[in-house]
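The structure that follows is given in the form of structure tokens.
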Amino acid sequence: MKIEGTHELRAARERVYKALTDPRVLQRCIPGCERLEKTGEDSYAATLRTGVGSIKGVFNGSVKLEEMRPPEHYRMVVDGKGQPGFLKGSGNLDLEEAGDGAATVIKYTGEVQVGGTIASVGQRMIQGAAKMMASQFFTALEAEAQTVEGDPPPTHGFFRTALRWFSGWLRRIFQNRSK
Amino acid sequence: MIPAQFDYVAPATIDEAVSLLSQHQDEAKILAGGHSLIPAMKLRLAQPQLLIDIGRIKDLSYINEQDGQIRIGAMTTHYQLESNERLRAICPLLPECAAHIGDVQVRNKGTIGGSVAHADPAGDWPAAILALDAEMVAVGQQGERVIKAADFFVDMLTTALAPGEILREIRINAQDVGGRLGQSYMKVAQPASGFAVVGVAVNLALDAGGVCQSSRIGITGVAVKAYRASGVENALKGRVLDSQIIAAAAEHAADAVDANEDLYASADYRRHLARVYTRRAIEAASSRAH
Amino acid sequence: MKMSLSMTVNGVAREHEVEPRLLLVHYLREVLNLTGTHVGCDTSTCGACTVRLDGQAVKSCTMFAIQADGSEVKTIEGFAGEGGQLHPVQEGFWECHGLQCGYCTPGMIIAAAQLIERTPQPTEAQIRHGLEGNLCRCTGYQHIVEAVQYAAKKS
Amino acid sequence: MAKKFVGQSIKRTEDPRLIKGLGHYVDDIKLPETLHVAFVRSMYAHARVKEVDVSEAINAPGVVAVYTGADASALIGPVPCASALPDLKVPDHRVLATDKVYFVGHPIAAVVATNAYAARDAVDLIMVDYEELTPVVDVEEAAAEGGPFIHEKFGDNIAYKLTAGEGDIDAALAGADHVIKQRIVNQRLAPIAMEPRGVLARYLPGEEELTIWSSTQIPHLLRTQLALMIGMPENKLRVITPEVGGGFGSKLNVYAEEALLGWISMRLAKPVKWIETRRENMQATIHGRGQVGYLEIGCMNDGTLAGLRYNVFADLGAYYQLLTPAIPTLTGLMLSGCYKIPAIQINVTGVFTNKVATDAYRGAGRPEATYVVERALDLVAQELSMDVVEVRRKNFPAPEEFPFHTATGLFYDSGNYEGALKKALEMSDYAKLREEQAKARAEGRIVGIGVSTYVEICALGPSQAMPAGGWESATVRIEPTGKVTIMTGASPHGQGQETSFAQIAADELGVDIKDVTVIHGDTSIVQYGIGTFGSRATAVGGTAVFIAIQKLKEKAHKIASHLLQADATNVAFGESGFSLQKAKAAVASGVEVPEPDLPVGQAPAGALPEPETDGKHVTLQDVALAAHLAKDLPPDMEPGLSVTYFFEPKNFTFPFGTHIAVVEIDRETGDIKFQRYVAVDDCGKVINPMLVDGQIQGGIVQALGQALYEEVVYDEQGQLVTGTLMDYAIPKAAMLPHFELARTETPTDVNPLGVKGVGEAGTIGATPCIVNAVVDALAPFGVRHLDMPLKPETIWKLIH
């Protein structure tokens, strides 16, 4: 299943790119990522405890970063297996400067595949869930990229993340409306 | 299909339930009617370690009127709402929406509180909750707070209830508009699951001359969460609702909506159905207001 | 962790220690050996497991037995009247050939009985709508509709 | 003798237990100390299994054993396929995956535990290390050259290619005024019997007997195959088919789980049970249909059909089940429909895909053919601007042309296609429907009328044409007390043979239907039989009952004559038994027949009564008693009163009919609403009209499901995305119109009952009728054809 979208982050592109390639930041931003251990050049073993609402599962797998062209492009490949099935996702992220360099627009196009129970029973929600997780990821990433280097990282409580994302979404709606 | 093991408690009071939930947080789930949670548990897509069954708490199942509000206990079943004569007179949207949920057996056991707190993107209640501008009363360790409908549905299966909070009551302001009220709920059901491909709840107030004083339209099934069709509402306000006005307004039913896509319906078709059913639901509501 | 459970099933008081995760349908079928209640899906779609819980038709695969603690349950085995007198809906299903393989039948009968209680003289459309929680793969439903009409007339 | 029961809508004798919840399906049978089995199944469509780690599971609470392919697959023979086709590539289908998994749901390991909950828990503890392989999903892509290949040793994904048909198709199409081409898809469907499959196996080590209770349509064939698979003497293996909650072909099979459960029970010397979940049922029970075909139909300007070619890719799945490769050959047989088509050719390409096997689902290959032919007729009508009814009429064989030989090599037994059509046209008031349609169209409404005139091949069938015998067996026995016992090999699963066969027996024997019991589904009680499928139970199995009764009556007649001390020609059988025909006797002997001197009176308590006769009359009961007491039988007469007969039909039967549907489409949403549905079916003679109606209605609804709602969907990764009944829509009561049914009755001479079979008629006739109606509705938008299921969105897009 294809997903795509655009997110504007109020942070400079170099900073966003740096955050995007920092495993500690990634662990904090990938929804439910409990563990991200380096296993090779730009590849990591990961444990994701993730899901939406009461639907949750634990997935063990890998995260790989490919096609790295700082500060404008890279590709993230996530692969995990667990009791409810498997999930695989790959996304091309293209970063563009915006707002006189104060902001970054990330365009992503990705492919999500799920298998096992989640594929056979969750059909109507998979796309929504994928979008939701992408949103959570970028919302968290924005917060990360806005911190001053060296400061403690922001916390991404699920609730706070969701609320922050929600307010961003509302803002977009209003922006669209005012157009 | 067999769920994984869990511990089970059936507290006698809501305070006890809140305290258990706060204690166990993510590990625990509230069991209300169980019609979303138990299927997920049987598929082992949900494996809570503790189930807190609020079905034994006294007085969570009621429909009454107080302080100009209709108050509905979270454990009130869909069928109780569907069959309540008083609601048919004062807030027909509730019974009409209830009658569209699942099937008879599901309505006998499933609860409004469970359904609203689960926030299924294709659930029926969220549309009505938005159209009625309901208030959700949440109880947490810090006490009660009221969450407005517009703030309640956050994302797919995600609400503004904080971890540790339980939805206790739903309040609906009795309509104080002097004119005539018209409500309706219309739905395209997915043929297998019965979930809403599109569900539109309309709540209109017209003055004596038929001019739309206010309208609230909640749409479910189309996006990752139910939403208010404010573009439609704005286009109706202050207008005499003839079929042209309604049709033109309904065109805004899916403005700026990132629509869901599944085997049954593409995003385009969902948006289209949202517009068609919004028009039909407004027409029905408006004819009832006359 | 087992919990004690007591309920009245078809008029008989029952008490058992059960795991909280034991589904009501499995309690009825495996513990009480009341096998007339069937399981036809995993998703509370098919209605084969329908029983009456405190007078209301519910899907016994979508609740835990422990939730029915203290309740009164009636299954298809307890549906006939005194002396084995068939319930009018049972009679209707027999008269009108409302069943073929019979697997959906117990749930269908219990749902239909509820329908007639709530809508004593249902139209064909009301019957069809009222049975939306019960799937039948054999009959095409037309004889089931006739069975319910028969029962409504008799009730 | 007057028929009191045959032809009447007799209430079913099986119903009282079923409406009281007292019937026993497999899962309702409880044996002490039963162990429960749960399966680990593949979550991938195509992968190499590198390791199956069961160490944690084996130590889990309640777990007794865990078996993997490494443990079991070498010791249990392959899952059988009974279809022999030339050059058929047969993959080695083992009960558990060994090195590779081939479809989502492919069983990898079986967990045995003391209860079903513990077994399920342990499934989650088994770790399977997979190496993903590229899945092969699309049937046409799979058939193309170049990999990936599912079974590497074959070098491609083509299971077989087959060409059949008569007449010079190239010349026929070249000589036609018009040749119309159309790609036609018969999508994969899930049979969804409401009772999923289930197996209970009990091995008794002392007796060395294995009993398998299975929800199957074919207990005897299953016994034979299981005996071969697990190396058990067939006479030590007993298959019991208790109540079966629907089959529709899905239980006309031999499944891995059936063999595995028997094998496990033998190893553990305990009863073991496995009850399929609905998710397993969607994944691992056979699917139906699954054909992508290319039609060419040639016709003359006046509508006469010249030739039909159908090149079809059949999506077989990764492995064969019992009849998998044979199903498309049935499609080939029925491509003439009820029309005179001088040249027909089918080219089948059977293709492996990473999906569960397709096999017989209600109709099994014939609905696919009928759909193609009936769509073809509408395409011809559209091309020539003819009425769809006229085009059909033009090509019907007349009643006197029967037996009618088709270019597919069949001889249709009997038919009056015009008769059924005419009745349906009258019932629906077709001419008026067309007027109303014209008016509706003028008002901007979208209304369509669909017609299908179908013929189907039933009463499967002559053994020559069947993989494992096409006959059916019956034993009819009159017990010493006069009660009638029938044992049929046609083990039913909802069709009502306990009633319909009792109707036949009650009439033929002049007894009350309550005194007849029909026994089926136990291989240790019932003589070998074939089973219930292919609309054969009454036409073949019922005929076996009928003929067995005739033979039994011959014997009874002799005994009665002996008891009456009369010449057999002077004794007549009537409702109350055998009576002396005095007039005849007088003519024959010229003297008064002396009163026989036979014992009369009450037997002592506890002993059997003695046969009674007043010398002029003896009841069947008394004849039966005499036959069993054997104290006074004709010389050389074998005692007992029981006859077993195996009926071998000399041909198939060919029921037919006309269906007419009227639909209206919501212009805004594409929703389809039925206005009318008229079905006139001719299944020959009817034993029980109520049961026949039930079969027709149920069949139409499954057809309607295919036309409008149902489709098994695998995504591009081979994941089954319609994995539950929340995603796979089978029709509900409120989605359906009220069917207006009628019959014509054209008997067959293939069997003495004159019955043709009806189980699949609705499914075969209705699918094209509904699609034709919708396409007709959309004709003003330039629509010629639509692929099923006809989703509202598809229609909406066409309109806009």
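We call the chains A, B, C and D, going by the order they appear; numbering starts again at 1 in every chain.
Quick note on the criterion: a residue touches a chain if its C-beta (ideal position, glycine included) is under 8 Å from a C-beta of that chain, and two chains touch if they have at least 3 such contacts.
Quantities reported herein were computed from a predicted structural model and do not represent experimental measurements.
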Query raised in the report: Does A-D or A-B have the larger number of C-beta pairs in contact?
Result: A-B
Report summary line: Per the C-alpha means, the centres of chain A and chain D lie apart by a whole-Å value of 52
**Report entry** chain A and chain C, separation of their C-alpha mean positions in angstrom
**Finding:** 47
Query raised in the report: At what distance in angstrom does the C-alpha mean of chain D lie from that of chain C?
Result: 29
**Report entry** Touching two or more other chains - residue numbers and ranges from chain B
**Finding:** 1-2, 4-5, 43-44, 190, 192-193, 195, 263-264
Report summary line: Multi-chain touching residues of chain D, meaning two or more other chains, are 116-117, 124, 277-279, 721-722, 724-727, 730, 732
Report task. Would you mind listing the residues of chain A that make contact with two or more other chains? Result -> 83, 117, 121, 123-124
Report task. Please list, in label order, each pair of chains that touches. Result -> A-B, A-D, B-C, B-D, C-D
Query raised in the report: Where on chain D is chain A touching in the complex?
Result: 43-44, 104, 124, 279, 282-283, 715, 717, 719-724, 726-727
Query - Parts of chain A lying in touch with chain D, wherever the complex brings them together - result: 1, 83, 85-86, 113-117, 119-121, 123-124
Query raised in the report: Once bound in the complex, which stretches of chain D touch chain B?
Result: 116-117, 120-121, 124, 277-279, 668-669, 709, 713, 721-722, 725-730, 732, 735, 791-793, 796-797
Report summary line: Counting only contacts in the complex, chain B reaches chain A at residues 29, 36-37, 40, 43-48, 118-119, 121-122, 154-158, 160, 162-163, 190, 193, 195, 223-224, 230-231, 255-256, 258, 260-264
Requested in this report: Name, in rising order, each residue of chain C that touches chain B in their complex.
Outcome: 1, 3, 19-21, 23, 42-45, 47, 50, 53, 56-59, 61-64, 66-67, 69, 111, 114-115, 118, 130, 132-134
